[in-house]
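Next, two complexes with chain A in common: one pairs it with chain B, the other with chain C.
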Partner chain A sequence: MYSVILATASRYLLVLLLMFSVFLLLRGHNEPGGGFVGGLVAAAAYALYFIANGIDAARTILRFEPLNIIATGLLVAIASTLPSLAAGEQFMTAVWIDTGVPLIGKVGTPLLFDLGVYFLVLGITLTILFSLAEEDRP
Partner chain B sequence: MLYKRFRENFGWIAVTFPLFMFFGFLSRYPQIAAGEVIRESVLWVPSLGINFSFLLDGLSLSFVLIITLIGAAVFLYAGVYMKAYAQTGRFYVYIGIFMTSMLGLVLSDNMLLMFVFWELTSISSFLLIGFNHHKESSRKSALQALLVTGGGGLALLSGIILLYRITGSFEISSFYNMNGIITSHDLYPPIVILMLIGAFTKSAQFPFHFWLPNAMEAPTPVSAYLHSATMVKAGVYLIARMNHEIGGTPLWQDTVLVTGAVTMVFAALLAFKQTDLKKLLAYSTLSVLGTLVMLLGIGSKLAIKAFFIYLIAHSLYKGTLFLVAGTLDHATGTRDVTKLGGLRKLMPMTTLTAALASFSMMGVIPLVGFIGKETVYKSILELEYWGTFLISAAVCANAFVVMITLFVGFKPFWGAILPTPKSPHEAPLKMLIGPAVLAMLGLLFGLFPNFFISTMLEQSAESILSETLSLKISIWEGFNLVLLLSFLTLLLGGGLYLVRARVADRVRKVSLPALVRPSAWYDGAVEGMLSFARLQTRIVQNGYLRNYIIVIMVTTVSLASFVLYQSVGEVSVAPDFSITFYEGALACIVLVATLLLIISRSRLKSIVALGVLGFSIGIIFVIYGAPDLALTAFAIETLNVILFVLVLYRLPRFLKLSRSSNRVRDALIATSVGVFMTLTVLFASSFELSSELKRFFSGASVPDGKGRNVVNVILVDFRALDTLGEITVLAIAALGVFALLKLKPGGRK
Partner chain C sequence: MSWIIMLPILLPLCTAVIMIFFRRSTALHRILNAAGTALMLGVSLVMLGSVQTGGILSLRIGGWEAPFGISLVADMLSSVMVVATAFIGFTTALYSLGTIDREREHYFYHPLLQLLLMGINGAFLTGDIFNLYVWFEVMLISSFVLLVLGGRPEQLEGAIKYVTLNLLSSSIFLAAVGILYGTAGTLNMADLAARIPLLGHRELLSVVGVLFMITFGIKAAIFPLFFWLPASYHTPPVAVSAIFAGLLTKVGVYAIMRFFTTVFIHEEAAFIHQVLLFLSAFTMVVGVMGAVAQYDMRKLLSFHIISQIGYMIFALAIQSPLAIAGALFYIIHNIVAKTNLFYVSGLIQRLKGSYDLREIGGVYRFYPMLGLLFLVPALGLAGIPPLSGFWAKFIVIKAGIDSEHYLLVGIALCVSMLTLYSMIKIWNEAFWKDDPRGEGSVEDEGYLLIPSMKKVMMVLPIVILGSVTIVFGFWFEPFFELADKAAVELLDSGAYIEAVMGGRS
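So, the complex of A and B:
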């Protein structure tokens, strides 16, 4: 079943939801939010797009293979633990850099870690979702 | 990668690795010779007492030098020999792993570290035996070796842990002076038995010997390196290393002595009916390993001296002979000794090398093997009680070894030329250098024993017995009983060789009854284990998801409610009936949704009901001030519904599959789980929780974690390691789902 209204709306909603998910990711440190829920929202955005436009369109707009997104997420999360080793601290100690730029402020490895979680959750959800969706394909 | 580019001459490149190690360690020789002990230590898991601590003393240096020297010969040799095989690059990786772990084994001071290396040698041995993995016998032998040595490794680990309970440390050097405490402890007998099982399986002592001849399936360089010169000596090394710490008691000495002696004789007898070059050598290796173990069991000064000389001599000549056997195989295409003969004209260098090594193996003056055998006899004769019996056993066993030597070292080269599958030719230079150098060393060590061996012997004895030997090694001690015995051995061996040709056919037909063949025990044990595993799998893993869930639920509830029931008197649950409007409304929604979920006859309705349930729970989180949880719950519920719909699409029409009795059972289980959870929550909330964690996290969140959202700071900073673990598990789960859905039998992508 193809709905023009849903298909049109989903194009705008996708962008909005993705922005919202990044917003959730970034504010996670101080307010409710974080990588996990951010990733889920992003996945929901693609899920909506997939419901409206079908699996091929969703895959095209995602551009990356969900499995690769999982791998990226894990890599980023692990990479975020390396600066602490480089700085000679205990493994996984958070390292913060004060950029001094207004609005951005301090940037630290926990954010990077959260970003990894974000990608990972997105990747996992989409892997499962897309695999299931492609089930009935010949 | 490097291998591909330098395929032709890779042997030369590879050989630099062991040679570099050899000279590196040789440079420590003066230090060790002066009685110094070098230690290096890096903390690994200090809280468990596991450290990378290494120790270099006389004993380990001797082993290191043997390992690297023979390693160099074998690496070079394999450069040519392995060309016929596919995936030679892999071979070098395996054998490199082996050499490194073997070095680690003899150098570690920490018992757990040693155990790790111990297992690594088992694994690399497994990989190397199974190198021809397309042959079934290779795979079977590899598995057999792995199971036997791995099982022994587990026994060793248990022994190590028991030992830890007595000493409180894993460092070998730290219980140097604790012999009295250890041997008088209640746990001492199990420790000795477990450790010895470990050592005996590794060194292929009776009744674990059967894996070694089968391990001859490996390419010849591997047999030469792992299964004669180094890995099988690991067990011997362990016994020698632990001798001072936990030895000295009748239990230890007698077990070691008897096992060694039995292996020595038994293996020699078994060799009688073999005709394969490598199998013959393998049985003689077994016999020698038995002798070495027996010498450690005797444990006198002289015995240790004999042990040490014999160890070096054996490594040198057996490595050489294996390589020669490989050369013969390479050149002629057969390893059956009865089909070889008269090759001396065609392969002069190999003949010479083989002869040198063989003389050493037979114990002919003036090679190092002669000194070895002389001292062995002498140390046995010293024994009062067992002396006569053991010396006849030793002479017998050695006579058989002499016979084997005649077969392997001389038979192929002398006499009439016999037709072979390939036309024989002299081996290339790279295959000659290694064995020739080793054989020459055997001669040099024999001619100048004091220069080469004495110092290391002194230091090793220090490690084994913690006494100085002050015994001179000399090659000529005049005409005496020992020399007579040596001659007797040679004569007997020659006689056996002649006799064998006549009775061989009859002997080959005799096969031992299964009861006295440990390999039959092994087969039985493996078979039994497999059928038990099948039975267990049938019961536990029946393939029905609902049964798994039932088992999990019932087990949890029954176990946990037992605990709950026991502590029921301690708490009084005071129900709080002050409900707000929202809470009441939510409860109603939840109840209605649940009811709908159960009685609905359409799947879609059930899913919608499930979604409603999830969202209501999310709202509960909101009411109780957990916005993070609520947010996540909403997101997950949304996706859940989508997923369910996708799955639903694939399911057949709704059918009433379960019988009513099943439904009653399910309802009972579900209700009991629900009641149990409610009670647990009530129970938990009736305690005043210690708020220390809460205070710490709330307090530390902003200054240390630089964030005001405590939950998130905990997740990504304070307990980030946990999160890392969780996301890894999630990723693996996703891969599992992907594999389940995408990879189907039939190859549809």
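So, the complex of A and C:
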């Protein structure tokens, strides 16, 4: 069932929800939020778009294969452990760099790890969703 | 040097991630699988070397101090087990090249194998009980998928039993971890070992001990919790059966070994050792009785796993240094011999078209060398000198006599006879008797139809594992010294606590 209202709204909601998911991701360091919740919200954004516009439109707008997103997430998470080795610390110890730029402040490996989780959750949720959707196809 | 502990876990993960990126190219998957496991074998050998010379390695993840963060610990026992895992992983990767069909490869067979190895290595290396639970789950989820990959009805039927029992075991595990944390306030194994003797609430600790025994008992397939194993292990492709048979139950045995010799060493543990002694006798007997009755080669071998687990538990429950060394040597010998027998059964099935001993025959007439390749692990498993099983059984039985468990020693020896009988049954039925379907050359054409590259990949792992069984037999001393060192280290929990906690407790 195609609904003009939902299809139109989903286009704007997609952007808003994705921005919100990034906000949650960044907020997660000291307050409720983080990669997992952010990833879920991002997946919900695409899920809404897919419900309104169908699977093909959702795949087109996502651009990347969900499986590649999973792999990217894992790769980013693994990469976040490497700076600790370079710094000669124990494995996975957080390494922080003070950029000195206002608003950005200190950037560290936990953010990178959270980004990995974000991609991983997004990828897994969409893989499940898209496989279920494609099973419905005649 | 301590970061090397991470490598057996990180390497398979990286390999799996790369495979997911290039999922269209199964050729790359095959190369990466073999190369990744070979690299893992190299790394684990280096780790074993450095543990042997430099003592227990411990890694505090994220730099959090020991009882608060997660510790990874590599002592002799863990490193030996990781070497065995990598070795079996490597041979299975080779064997998969010859046996796994394109369809399964397309549906992520190779990455799943890597993730399974990651879970097993993690379970061996962790020094934290909750983390052990997590690694068990990683391992189980990969094994669930490997078990049903292909989706034939009998696979799904086997998987339902396997998944149900393992989920039950996981929930008992989780409950036990919760009670333990509530009682002791820590889940770090070294910290627990230091604290448990000082705790009150002894009755709760007994409950925890029994719960852990049940959950690890299910994973290790101890009597009476073994029935998921013969119901499921004969259903997936033989490469998967082989790696499951070789490694998965041994993770359970390892957990029992770690938990009831390093962590849980007080008066309640003595009760658990008594129970384990009792159960080990039943495990040995029931396993081998099941094996004797079977005609499906893989079912027969699956029942054998259970019977062999009985020997390991018997040795573990005796708790003398010699017995623990024997148990460890037994585990390693069994991993090699058992995996090898599954490889051989897969090859026979490929040649003769069936696993059912009643339907096949005459293998020896056409493939005498395969007969030799079968006899090495089969006689090794039964304990014929000079192969590895002889020494393994010899140490276990000597430890049994030293500790005056004469009845159990008698049972172990009788079970040994029956093991030999069931191996001879395979020999008689598959190799010796004439093919019941007549002497057609159909099978030989079947063999010729296998591309030569695949033939090499099926035979090579059997040769490698067979030569290891022979090497263990003829060059026994250095391996026993290794096992002995691991046993002494395992029974001296002081050194373990010192290495992990760094003097604090």
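The criterion applied here is as follows: the second predicted complex is superposed on the first by the 137 of 138 C-alpha atoms of A that agree within 3 Å, B and C clash if a C-alpha of one lies under 4 Å from a C-alpha of the other, contacts with A are read in each partner's own complex, and residues count from 1 in each chain.
By definition in this document, contacts are C-beta pairs under 8 Å (C-beta built on N, C-alpha and C of every residue); 3 or more make two chains touch, one makes a residue touch a chain.
Keep in mind that what you see is a predicted model, and the values were worked out from it rather than measured.
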{"item": "Touched partner set for A:124, first chain B, second chain C, both or neither", "value": "first"}
{"item": "Chain B versus chain C as contact partner of A:70, first or second or both or neither", "value": "both"}
{"item": "Touched partner set for A:41, first chain B, second chain C, both or neither", "value": "first"}
{"item": "Partner chain in contact with A:133 - chain B first, chain C second, else both or neither", "value": "first"}
{"item": "Chain B versus chain C as contact partner of A:33, first or second or both or neither", "value": "first"}
{"item": "Residue contacts with chain A in the superposition, chain B compared against chain C", "value": "B"}
{"item": "Which superposed partner A:83 touches (first chain B, second chain C, both, neither)", "value": "neither"}
{"item": "Contact residues common to both interfaces of chain A (with chain B and with chain C)", "value": "67, 70-71, 74, 78, 81, 91-92, 94"}
{"item": "Interface residues, chain C side, partner chain A - complex", "value": "2-3, 6, 10, 13-14, 17, 20-21, 23, 59-63"}
{"item": "Parts of chain B lying in touch with chain A, wherever the complex brings them together", "value": "627-628, 630-632, 635-636, 638-639, 642-643, 646-647, 649-650, 704-709, 711-713, 715-717, 720-721, 723-724, 727-728, 730-731, 733-735, 737-738, 741-742"}
{"item": "Footprint of chain B on chain A - complex, ascending", "value": "24, 28-37, 40-41, 43-44, 47, 51, 67, 70-71, 73-74, 77-78, 81, 91-92, 94, 96, 106, 108, 110-111, 113-114, 116-117, 120-121, 123-125, 127-129, 131-136"}
{"item": "Touch list for chain A against partner chain C, complex", "value": "67-68, 70-71, 74-75, 78, 81, 84-85, 89-94"}
